[in-house]
Amino acid sequence: MTYFVRRDQVTIAWAHCDPAGIVFYGRFFEFFDHSTWMLFEEVLTTKAREIPARFNIIGFPIVDLKTRFFKPLTYGVVVDIETTIREFRNSSFDVQHRLFVAQELAVEGVETRVWAGRDPNDPGRIRGMALPAEVIERFRSG
Amino acid sequence: MTYFVRRDQVTIAWAHCDPAGIVFYGRFFEFFDHSTWMLFEEVLTTKAREIPARFNIIGFPIVDLKTRFFKPLTYGVVVDIETTIREFRNSSFDVQHRLFVAQELAVEGVETRVWAGRDPNDPGRIRGMALPAEVIERFRSG
Amino acid sequence: MTYFVRRDQVTIAWAHCDPAGIVFYGRFFEFFDHSTWMLFEEVLTTKAREIPARFNIIGFPIVDLKTRFFKPLTYGVVVDIETTIREFRNSSFDVQHRLFVAQELAVEGVETRVWAGRDPNDPGRIRGMALPAEVIERFRSG
Amino acid sequence: MTYFVRRDQVTIAWAHCDPAGIVFYGRFFEFFDHSTWMLFEEVLTTKAREIPARFNIIGFPIVDLKTRFFKPLTYGVVVDIETTIREFRNSSFDVQHRLFVAQELAVEGVETRVWAGRDPNDPGRIRGMALPAEVIERFRSG
């Protein structure tokens, strides 16, 4: 099963880079996260900011992250980002991000995220909720 | 009128610095903001995270910021931070932050912040609320 | 004297926002900074990353910042950014940034930045360098 | 083989948290990174900022990252961080970070980092350098 692939492009900013002149790795996760939200926005044709209310979730917090960094990125570089779902499970999913510079793979990551809401019996507690079939279906045909 | 002065110390981290090897200026506001919350925590003897619920506010968002940068800070430098209230008004206050390196003033800023809550007639709207006399009094005797 | 105005557009990301659901103010300076570099890139028709080497500077660190925040920005909002030079001086300049949401002014800031290089007699020291007439001229006709 | 364990403590700041009220995951890597530098500072009894020059490296950029997030962290929470080396290889090493809240494991990550310098034949290129035996030895006895 393959799902819809979202493509985006960002330019590395001065503030993304560290004294070695390369992107501080924590910054890549801002790209990953934004691309995940935008993927859902595009596929569900629902503004990202309206997704939590529409599906009664708080978001999709990450529980597992694996990332490989193949080449350092420097200030001003233009990065192509490809984001897609690798697998949907009952209340979680795997989303993959690949960053390319001049067609060469620079960073690759897979995140496991939980479709998470507030526990109705204990609103201070966050827990996984069943992923609506409607959501998964949209990604298939997306 | 002078108010309680909070003192803290931070070490400049690699991730705070840019390719010129100096702190990216946007990072200083993380120090300013944290010091503001911790000042209130200390003076009100209420955990910062419990301040919004206790006073029925969403926080104290900033409306005006003035900052001067006297010397660049580099990785590993130890910074002494002094934070104090300069003035309380009806629903806003001025908080001053001064960062020192080896007793020399490096950064100085004054922020005007609003004691802000949700408008009861329009919860999507954030507006200034009257600063409780109890809060101001605690800073005087703090 | 008015100078070239650069326009850009950004979408507020989840990672830009705080627990009150609004942009953490320190984040705006990433927009300010990137817009400043891109303004120079556009006017000087030189890649931002090549500007330091071309002009023998380390960058243009900020020495004074004034910002007013007129309305809080929330996740997913589209922001129009206008950046322009307000004044050039011998070795420093003022750059103004204005952020609009739906044509309404949300944030306005003026930064004084120094055209800074390494002191040839003491490379560990950063100091202002004379702004090349060529640079200023390009902004006038830009 | 076990190596010296560095312990630190941080308080989650407002700016670390997102609109769901929990730490934005990219922020954890600022903790990981700072703890790595401080581990080397402590074991090598060399200021972190002096490590690159002393060992003729640019730093230790990350090439592989695995992180699991067991519980979300909220504003004001006090976090205990344990950082240690899991393995040294010829020109890279694995460093493990574990974050605890009230003795409960909240986040665990392992990073593979390269002991990296500039290629003497091509200074624009960053590549792995042999880890000095002296460095590894200090960790053993640390």
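As written, the chain order gives the labels A, B, C and D, with residue 1 at the start of each chain.
Convention: a contact is a pair of C-beta atoms (placed from the backbone, for glycine too) under 8 Å apart; a residue touches a chain by one contact, two chains touch by 3 or more.
The model shown is predicted, which means the values in this text are computed figures rather than measured ones.
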item: A-B compared against B-C, more contacting pairs; value: B-C
item: Interface residue identity across copies chain A, chain D - same or different by half; value: same
item: Chain whose Cα centroid lies at the greatest distance from that of chain C; value: D
item: For chain A paired with chain C, centre-to-centre distance based on mean C-alpha positions, whole Å; value: 29
item: Whole-Å gap between the CA centroids of chain B and chain C; value: 24
item: Between chain B and chain A, distance of the C-alpha-averaged centres to the nearest whole Å; value: 32
item: Junction residues of chain C - those touching two or more other chains; value: 14-15, 18-19, 24, 26, 29-30, 33, 59, 75
item: In the complex with chain A, residue positions of chain C that touch it; value: 13-15, 29-30, 33-34, 37, 47-49, 59, 74-76
item: Residues of chain B defined as touching chain A within the complex; value: 14-15, 17-19, 21, 24, 26, 75
item: Chain B-facing residues of chain C, complex; value: 18-20, 22, 24-30, 33, 58-59, 61-70, 72, 126
